[in-house]
Every structure is written in C-alpha cells, then in structure tokens.
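Working notes, beginning with the structure itself.
Letters are used for the chains, namely A, B and C, taken in the order the chains are written, and counting of residues starts over at 1 for each.
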Amino acid sequence: MKQTHFKVRPFLLVGLLLTLLTVLSGCGDNLAQQDVMARVERTNRITWGVKNDTRLFGLMNIKTGQIEGFDVDIATAVSKEIFGKDVNVKFVPVTSNTRLPLLKNGNIDALAATMTITPERKKEIMFSDTYFNAGQAIMVKKGSKIKSVKDLTKGTKVLGLQGSNSVANIKKYAPQAKVLQLADTAQAFTALKSGQGDALTSDNGILYGLNRDDPKYQVVGGTFTNEPYGIGANKGQEKFVQAINKALKKIEADGTYQQIVDKWFGKVAGFDGSVIK
Amino acid sequence: MISILTTYWPDFVEGLKYTLSASVLALIGSLIIGLIFALFVINPLKPLRVIGRIYIEIFRNIPLLVVAMFFYIVMPQFIPHLDGFTAGTIGLIIYTSAFIAETIRAGIESVDLGQMEAARSNGMSYIQAMRYIVLPQALKIVIPPLGNQFVNLVKNSSVLAFLAGFDLMYQGNLIASTTFKTTDTYLAVGLLYLILTMPLSYLMRYLEKHWSTGAAE
Amino acid sequence: MQNFIDAYSWVNLRFLLEGLWVTIYVSAISVVFSFIIGAILGFIRYVKIKYVSALVGFLIDVIRNLPLLLIIFFMYFGLPNTIGVRLSTVNAAILSLTIFESAMLAEIIRSGISAVDTGQMEAARSNGMSFMQAMWYIILPQALRRMVPPIVSQFVSLVKDSSLATIILLPELMFHSQVIYGQNTNYMIPMFVALAVLYFIICFLLSQLSHLLARKLG
C-alpha cells in the first residue's frame, strides 16, 4: 500500500507544480499603469530610481546616507519643474540589472540611472529626450598592455555590469574577449582591482568617476560608442514623459542644467563637458 | 516560461554544468575537510579538539556570501588567478565543511562508545578502531544528512551568481536582464533547480525512514 | 594597519551599525513570522488532513528545495508583476526570509513531533484525553526539547541568509560594508574582518541561547 502511494505521488506533484507555474507566469497586471502625473499631484510624492554606487551620477554618501550625483540633481530639478518646489522627491537605489523590473513593477515612477536609450529597451519602457551624452570606454590598470578596445583579444577578460548596454556592445567590439558580468559598478571595480579581469567596460562618465576613486587606473582608447542617457518611465505614461521633456528644455534654458553639469563634471579631468549635451 | 527555456536552453545547460560541478567539487572537498575536523573534535588530544571546535564555530556562524566574497576579491591579492567559479567553490567547501564536520561528529558519537573500547582492548590502535569499527557504522547514520547537505550545496551554489561564476542563477540573471522577462526567467530557473534538488531530497527522506527502521530491528 | 584605523572611522562604523540594525530588524521580524507560520504548517503536515496536508507538504518541499536567492529575486521582481503589490526592499526581504525559513522550520517541527513515540499519544488518548490535550500536555513538551537545537540553528541560518538580500540592495550589514569598500578598496580587508566579527557575534550568541533553552527544558 505504501509502495503504490509512493509511485503515484511524484507524478501528481509534477502536474501540480506545472499548473502552479503556468498560473503564475500567466498573470501580469500592476500598479505601473496608474497615471503618474495624477498620482504625484495627489500625493505630492515622486519616487525615482537612481544608482547608488556610481560616483558623479549617483553615489551613497556614507556620512549622510543620502545619494548624491548628476542623475539625482537632474531628477530633483525635473520633479520640481513639473510638480512645484515643494514636491517630495524620494530616491530608491537601483542597479543596471534591477532598474527595469523595478520600474515595470511600479516600485519607482521614473529612472535617472545612467541608462542608455536603446531600441530593445524602448520596447519595454518609454524614454525622455537625451539628457546626457555618454560613450562607452574601457578602463585598465596603468601600465597595462591593453590600450584600446581592439586589444581585448582572445584570452582577455572584460568586466561589465549585468543588464548594462556596455556588455551587449562589448560582445560586438571585442567578440573574442571573455565577459564577466557583475551586479553593480562598485562590485565590478572591486573585481578589476582584485585582478578578476584585465579591463572594465562601462560608460566614460562612470569610468571617470571610478578613476577619481583610484588614480592607479585609467580610461584608455577613448569612446567607441554613443550612449545617450534618457529618463525612463513606464509605457502609457505619455503625459508624464511629455512633462519631463518640457522640464528638461526649461532647466536647460534657465541655466539650471549647466549648473548641474558644472557641479559634477566641471573639474573632471579628461572629460569634455561640451559633449554632454 | 516555456519559450524562455527553449530559446535560452544552451545558456541554461551551461549554467547547470557550472552549478553541478561546483556542488560536486564542493561536496568532495567539504567531505574531506569535514571528516578531518570531525576527527579533530572527537580526538583525545586537547589542542586538536580546540582547533576543530574553533574552525567549526567560526564557519557555522559567518554567512556563506561573506566567505565566498572574501575569496573572490580579497584572496586574489595573495593567490593570483582565483576566478569566480574557483573562489565560490572554495567558499562553499569551507562553509559546508563546518556543517559536515558537525554531522560526522554526531554520527560517530552516536556509535556506541563501548565498541571503541572493545576494539581497543582487542589490540586495535585508535586509528584502526576508528577506521574499521566506528566509521563504517557512523557512515550509515550520516548518509541521509550528508545527502541533504548536497541538496543545500546545490542551492547554496547560487552564491556564484555574485561572483560571475557562470552558474544557473548567474545565467538566469543575464537572461532576465536581456529579455526583460523577469518572472518567467526566474520561474524557469526555479524549475531547473527543483529538477536537481527535489528527487535527491525525496531519496534522502526515503533512506532516512528505511534505514532508521532497519536499525531498530 | 593604517587602513584599519581609517576604515574604522566613526562615520564608517556608524554606517556599518546602521546596516547591522537593518540585519537585526529584518531577521527578528522574520524569525517571529517564520516560527508561527512554520509551526502551523508543520502541524498541518503532521496531523495528515486529507489533501490539505499533502498539498502543504508539497509546497513546503518546493520551497525547501529552491535557493533562497531565487526566492528573494522572485519576491522582489516577480511577485509584484504577478499579483500587483509593491514591496519595499525591507518587506521583500522579510517576506522571502519568512517564506523560506518557515518551510525549513515546518519540516523540523513535523519531524520533531513525529519523533515522539506514537505509543504515548495512544496511551494518553486511552486515558481519556482529547487529541489536542494529548498533543499539548504530552507530545509537544517532549517534542519541543528535541526541536530547540535545530530550530535555533535555523534561526542562525536566517540571520546569515539575510546577507543575500544585498542583491536587492537591502541596506543591511553586508550591503553597507560593500558600499564602504566599494568607495575605497583599501578598506576591503578591514570590512571583511568587521563583517566576520559582527555576524559571528550575533550568530554565536543566538546559538548559545539554544544551549541555555535546552538546559532549561531538559
């Protein structure tokens, strides 16, 4: 009797499991469809996803616990422009890997997180106009034999960020190199310093920020792609995206944008501020 | 979910390979180290007992992620060419060996102490008595918990995802971030983990029941 | 040595302690929830209610056999997408830890109760006790004594496992140390030392609690 019991169960259970999986993967309705404009006007509170480990763009200040950087300032300026000076701007840290799911799930209303506007992402979310022009580059230890992306040949290891456009690109520009993808910028840079890879690839602005942390590393070979950053919002939020675009134009016209650029990139050696916009 | 599985099947297979190799290597490694430290803690020599205890207590009370991360980013300063897979596997070995040492110790201690004395009084050395009398009996007691440790290893090997270790979880992360189909990808990854772990843990439960009733007879 | 002195500056230590507080907070809440849920599930599984116990047992087995990391991902990214709730990192971490650890605890509790001689239940019932009375006065006190060590060591695992939530950027101990050494890699070794010491202290104290409890009950 025990024997038959044992025989029947696995079969039943597998069936049960498959049903469960199908039910779970079949659903899909969420908060992200609510109109952001209407909700923020009602609650006076907007949530942005920003990086928290990327110097110059979004970096956690250990002293204050606040995230600071170019993206944070742009997000604040845009929010205030749209919803008034008193709007509550909240920041949620994201990584390249977590930012899209968090936006699509409605955890955050908008993304200003060093995110390149790409056709693939456009299928998933909406983008504002470009607010920052970056380009992909590589960073190596000073004295490394690798001088540009062309030197990433067979046998070399490149570190990148999961979910970033740079790892997608590097497979085209250096198809022979082995790509190791880490969870965020800080992890990838730590891995580079520990010798886990020969080079680190990301966007120039991000790499210059890392360079400031440790001058023993340098950006080599210049940029080899164009990475226009856009603010991300959910599909269906046309009104919100239009408002963002209008706000971006406004802060550019009244000099706020230039102030923010100068604040973060004015003193960055080797970074030509004029290419940003 | 099915379409993710079929489209990215080669990546999943790659991930399964790394997950399984890490788990098997870590099982072998932690069995050896675990056995050594188990023999330390039951040893008549006090210094060995103390060393064994310290090792077990330290690594049972520190998260696996801390140990694995340490081998990934700190140890390469001293040992070059320690890649994510190797670092993660070493982390798994050290972490798991502390648990295995405890399991084996409990197994050995549950074997009647009189048997050890009888064997010794029959002229066997401590090591001989251990090797021929105590360990074979302890083995039967510890196999089910060791099997469960292997299930834990398969699950815990997902820590390799933090270290670019190419395991199933890592592949899942990459697929989720390229396809943007997060839910479906993680469901598929979950299904694959279950295929590895479920049968084994049912087998261990069966053995536990079967052998414990066998022992009572 | 200088690295250690710089790394343990007041600012950094305070940041680490903030992380430690989140670790303790998330762990404590998950411990309470997972113990309650684990006890209920373990009991349901033990009493063998037709279909219900089998279903519960199966769900427990599924969860027990999945990596916690995957459950965390799923709760933070997958679940909101599926049923439309919005979870903060703290809530997602608590939810994942509770789900995972209550499945582990349910199994410990089920086998703990089963391990108490079934003859005792029959004896108690034939002496006129109801099932619940026999359970409460005869079986559970004995089972509890057996269960305390594995339950506490599961709680220790829970504290350690909470470090995995660094993947969803939960501002806990592991994550905060990563933020610190991410900004200055000279602090890497001091941070790992701090991590090891802090986790060890919490977990070791917790496991000592198990000896204390076991002595009290024994």
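Quick note on the criterion: a residue touches a chain if its C-beta (ideal position, glycine included) is under 8 Å from a C-beta of that chain, and two chains touch if they have at least 3 such contacts.
These figures come from a predicted structure and were not determined experimentally.
Q: Go through B-C and A-C and name the pair with more C-beta contacts between its chains.
A: Looking at contacts between chains, B-C has the larger number.
Q: Report the chain closest to the protein's overall CA mean, measuring from each chain's own CA mean.
A: Here the chain at the core of the arrangement is C.
Q: Measuring centre to centre with CA averages, how many angstrom lie between chain A and chain B?
A: 36
Q: Taking the mean of the CA coordinates per chain, how far is chain B from chain C in Å?
A: 19
Q: Could you work out how far the Cα centre of chain A sits from that of chain C, in whole Å?
A: Those two chain centres are 32 Å apart.
Q: Identify all positions of chain B at which a residue touches two or more other chains, and write them in rising order.
A: Residue numbers touching two or more other chains: 73-74, 162, 176, 182-183, 187, 194, 202.
Q: Among the residues of chain A, which are close enough to touch at least two other chains?
A: In chain A, 17, 24, 28, 101, 104, 183, 187, 190, 193 touch at least two other chains.
Q: Where in chain C do residues touch two or more of the other chains?
A: 62, 77-78, 81-82, 167, 188
Q: Please output the residues of chain C touching chain B within their complex, sorted ascending.
A: 61-62, 64-70, 73-74, 77-78, 81-82, 156, 160-161, 163-164, 166-167, 174, 188-189, 192, 195-196, 199-200, 203-204, 207
Q: Which residues of chain B touch chain C in the complex?
A: 57-58, 60-66, 69-70, 73-74, 151, 155-159, 161-162, 169, 172, 176, 182-183, 186-187, 189-190, 193-194, 197-198, 201-202
Q: Using the touch definition from the top, list the residues of chain B that touch chain A in their complex.
A: Against chain A, the touching part of chain B is residues 1, 72-74, 76-77, 80-81, 83-84, 162, 164, 170, 173-174, 176-178, 180, 182-184, 187, 191, 194, 202, 206.
Q: Going by the contact rule at the top, pick out the chain C residues touching chain A in the complex.
A: Within the complex, chain C contacts chain A at residues 11-12, 15, 18, 54-55, 58, 62, 76-78, 80-84, 86-88, 167-169, 178-185, 188.
Q: Considering only the defined contacts, which chain A positions touch chain C in the complex?
A: Answer in residue numbers: 9, 13, 16-17, 24, 27-31, 52-53, 55, 59-60, 62-63, 65, 93-95, 98, 101-102, 104-107, 183, 185-187, 189-190, 193, 213-214.
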